[in-house]
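Letters A, B and C mark the chains as written, and numbering starts fresh at 1 in each.
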Amino acid sequence: MLASRHPQLNKHGELIHLLTLEGLPRDVIHHILDTASTFLSVHEREVKKVPLLRGKSVFNLFFENSTRTRTTFEIAAKRLSADVINLDIARSSTAKGETLLDTIANLSAMHADMFVVRHGESGAPFLIAQHCAPHVHVVNAGDGRHAHPTQGLLDMYTIRHYKKDFSGLTVAIIGDIVHSRVARSDIHALSILGVPEIRGVGPKTLVPGDLAPMGVHVYHDLADGIRDADVIIMLRLQNERMTGAMLPSAGEYFKTFGLTPEKLQLAKPDCIVMHPGPINRGVEIDSAVADGTHSVILPQVTFGIAVRMAVMSIIAGNEA
Amino acid sequence: MLASRHPQLNKHGELIHLLTLEGLPRDVIHHILDTASTFLSVHEREVKKVPLLRGKSVFNLFFENSTRTRTTFEIAAKRLSADVINLDIARSSTAKGETLLDTIANLSAMHADMFVVRHGESGAPFLIAQHCAPHVHVVNAGDGRHAHPTQGLLDMYTIRHYKKDFSGLTVAIIGDIVHSRVARSDIHALSILGVPEIRGVGPKTLVPGDLAPMGVHVYHDLADGIRDADVIIMLRLQNERMTGAMLPSAGEYFKTFGLTPEKLQLAKPDCIVMHPGPINRGVEIDSAVADGTHSVILPQVTFGIAVRMAVMSIIAGNEA
Amino acid sequence: MLASRHPQLNKHGELIHLLTLEGLPRDVIHHILDTASTFLSVHEREVKKVPLLRGKSVFNLFFENSTRTRTTFEIAAKRLSADVINLDIARSSTAKGETLLDTIANLSAMHADMFVVRHGESGAPFLIAQHCAPHVHVVNAGDGRHAHPTQGLLDMYTIRHYKKDFSGLTVAIIGDIVHSRVARSDIHALSILGVPEIRGVGPKTLVPGDLAPMGVHVYHDLADGIRDADVIIMLRLQNERMTGAMLPSAGEYFKTFGLTPEKLQLAKPDCIVMHPGPINRGVEIDSAVADGTHSVILPQVTFGIAVRMAVMSIIAGNEA
C-alpha cells in the first residue's frame, strides 16, 4: 500500500523515481547530496561530461512552461551524455484530446528512459510513475502546489555546504508558503535531516497558522521570524498573487516582509540567504541583500545542476 | 521522365529519398523492414546508439506542427548519432516571405545531409527533393492528404511481425479514408506487398465508392467490413471534421463505426488492431479494444522508431 | 577605459568575445578568416565534426527571434561538438520580470561557456560581456541597429575568397543602410581591411548624406553607385519599413533601386553580388541576378558556418 502511494523506492529501498521528498529516508537524501558533490568537480573540467547516461533518452515533459527549470535539467542530462528530447506539450497530442496516460504510454513505447515532468496538477508525476513501463524513471520537476523535490534537494545541498551539520540550525522560510511547492519540499527535507527549528514567516494570507503538524513554527512578524536564524530561504512572490485580493501592493509587501540589510542584522552574523529564483528585486528582497555577502543565490544554481545530475544518474542505475 | 516525377530512386534503383510508397519495388520495402528489424535490438541495449549518421546534420522541417511525429524522427536520428536541428518554420524566414525553395537552398548551403519534411501541401517534399543539392536526402513525414510513407512502412512492419506473410491476408481500413494520407500510404504498400483483400470501411462521406482503381473494396457497414479480417487499421477521426457538416456527433459516429469488443468478434480470432495515434477513446475505438489483447498500437510506436532509423540510414548510404 | 568599452580583447590582444568589428585589429580579422578556411574542409568530410568544444555548453540567447541565424550558430556549435541549449527567452524568466543581468548571472552559474546573443537593443551583448563571469564568452549575433559582426566577417570571407586582395576594390552597399547592422559591420570591416572605395547607395531616406566620417561615399542613384564595382552587397528591404512613410511601394523601390541584369552590366564584368538573406525577389533583387552567375549568395551561407565555427573556437581558446 505504501509502495503504491510512494512508488519511488524499489523493494531494496533504492530510488527509482524522484517524486517527493516526503517520507524519503535520511540516508537516501545524503546519498544524493554526496553524489552531487562528486559531480560538482565535473563542471571544472575542460570536458564537462561523464558518460553515465550515454545512449539514454531523457524526455522533458513540461506541461507547464518553465524555461529555467527545463534548462537546468537539459544541461544536467547532456553533461551525463544523455540524448535530450524537449516536448512542446502545449502544442502536442494532449492538445488533440489524448489522455495523459496515453501520451506517456506512447513515449514509453519509443523506449524513453526517463521523464522529467513539470505539471500544473498536483500528483501528475505520481500518476505517470505508477503507470509507465518498468524501464522508465520519472523525476518530478514541480507539480501544482505539491512538490518540487530537486529544488528541495539543491536547497539541502546548499545548507549542508555552508553549515556542514543540520542538527543545530534555525531555518526561516519567508513569503508565500501556502502556494509554494518549494516551501513544502524544503520543509519535508529539513525535518527529515533533523533541523530542530523550522519557521514559516509571512502574512496570514500566505502563511496559515496551522503548520504545526509539519513541524513549522509560524511567525507573522518578519523581525521575530528571522531572529537568530542560520538560514533564510526567501520565496518568490508571484505577481499574479499580488494583483489578487490577497495582498496589498508590491511596495506594501516589501515594507513589511521584504528582506533588507537592516532586518538581516537580526539573523546570525554568518547566516546565509537563499532564493529559488527568479528574484523580484525590491519586492521580496532588497538588491543589497540579493547581491550581498550573505547571499548564496548563485551557488544554489550551480549546485542545482550537480544535484539534478545526481538524481538522474542514481535513479537510472536502479531497477524497478 | 519517371525519374523526375519519382526522384526517390537513383539509377541503380537504390533509395535516395523517401517520398511515397506508391511505385516502390517490393524488395525495397522488404529491405527497409529487414533493416528495421536489426535496429529493434538497438533499443534493448544499454547504450541505445549506433554511429551510422555520426557527424551528419538532420533538419526537421515541420511546416505543419506535429510534436509526436517530429519526436519519433528526432529520436531515430539521435540513436543513429546524427546532429538534429529542429526548425520552428512557422516563426522563421518563410514567414518573412522567403520562398520554400530559397529556404531549402539556404539550408542545403549549410551542408545539411537530410531534411525530414512535414508540409500541409501535397507534393512539397517532392518539390524539395527535385531542387535540393545532390548531397541532401529527403524524407516525407506527411504531406497534405497525399502520403505518410514512414507510417505506411511501420504499419507494414507491424503486419509482417504478427502475420509473417502478406499473401493470404484480409486487411480492413476503417474511418476517414478520403482525408487520410496514412490510408493512402497503407493501401499502396499493402497492394505492393501482395495483400489479396484490402477493404475501406466507413460512411459515404469519408469513404468514396470509387476506390476500386486502388484495389480497395468499399464497405459502408462496419460489420460487413471487418468480417473475417486478419488486420484492422483504425484511422483517427479528426475533430475538425466532426464539427463540420460531414458527420453527425462523435457519439453517433461511435455507435455506427466505433470499434467495440462485440464488433471485433466478427473478425478473425487472431486478428490485430492497429491505429496510427493519437487515439480518440470512445470516438473511433472503445477503450476495451484499444487496451485489449488484439491491440498492437503500442508495438507500432516501437516499430516506428526502428523503421525511421532504417529509412534514414539506408537513404544516407546511397548516392544520387 | 578602452578595455572596458570594448571588452572583447584580453590584455594580450586576443579575442575573448566577439561584440563588434569596429576597432578590431586587421590581423585578428585575418586570423578568423584563416581559421574559417580550415573549417570549410570539415563540411566535406564523412563525419562533419571536430572535438574543439566537446563538453562545452553554448547557450543561444535570442531575445529577438531569428530562426535562420540561430540555426547557423547551432550547426556551427554542434560541428565543434559543443552541447547547445536553445533558450526560448520570450517565454522565460525575463517575461517574469527578471532583469537581463540576473538572467545572465543565473546561466553563468550553470557553468555556461558561451552565450550567443541576439537582442533588439543596441549594446546588450556589451553589457552582458562586461558583467558575465570570466569563464564565459559572448558572441554578438546582432544587436539593434548596431552590429552583426559574424555576418560582417562572413561577408569579408566571401570577398577574400573571390577577390583575394582587398586593396584595390570598389564595394557598393545598396539599400537600407541607415537601419542595417549588417551594413555597419561591413563598413567597419572593409575599412579595417583597406578597401579604398566603399559606397553607400540608396534613397535619401535610407542612406543619409553624412557617411563620410565612416569613409563611405554616398550615391542616391543606383547606376552611379554600382559603376565599376567589384563587389555589390545588397541589403534586405524590411517589409515593415516599406509600409511606413519612408518608402513608396515595393514596386517603386524595385524600379529605382532593385538590382536587375541590365543595371549589373555597369559593374565590373567579374563583380560578385552578395546578400545576407532572406532575399525579397522582385523587391531589392531580380531573380535573374539572385540566381545568376555573379551571385555568391549561397556560398555566403556555407562560409557563414565556417566563420562562426572559427569565431567560437578562437574565443573559447583564449582566457579573459
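We take it that a residue touches a chain if its C-beta (ideal position, glycine included) is under 8 Å from a C-beta of that chain, and two chains touch if they have at least 3 such contacts.
In this text the structure is predicted, and so the values were computed from the model without any measurement.
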*Name the graph shape formed by the protein chains and their touching pairs; answer line, ring, star, complete or other.*
complete
*Same or different for chain B and chain C, where same means more than half of the interface numbers show up on both copies?*
different
*Nearest 5 degrees, what's the C-alpha rotation angle taking chain A to chain C?*
120
_Rounded to a whole Å, what is the gap between the Cα centroids of chain B and chain C?_
41
_Numbers and ranges of chain C residues touching at least 2 other chains_ = none
*Touch list for chain A against partner chain B, complex*: 54-57, 83, 85, 87-89, 91-93, 96-99, 102-103, 105-111
*Which chain C residues qualify as touching chain B in the complex?*
43, 45-49, 65, 67-68, 71-72, 74-75, 78-79, 239, 277-281, 298-299, 301-302, 304-305
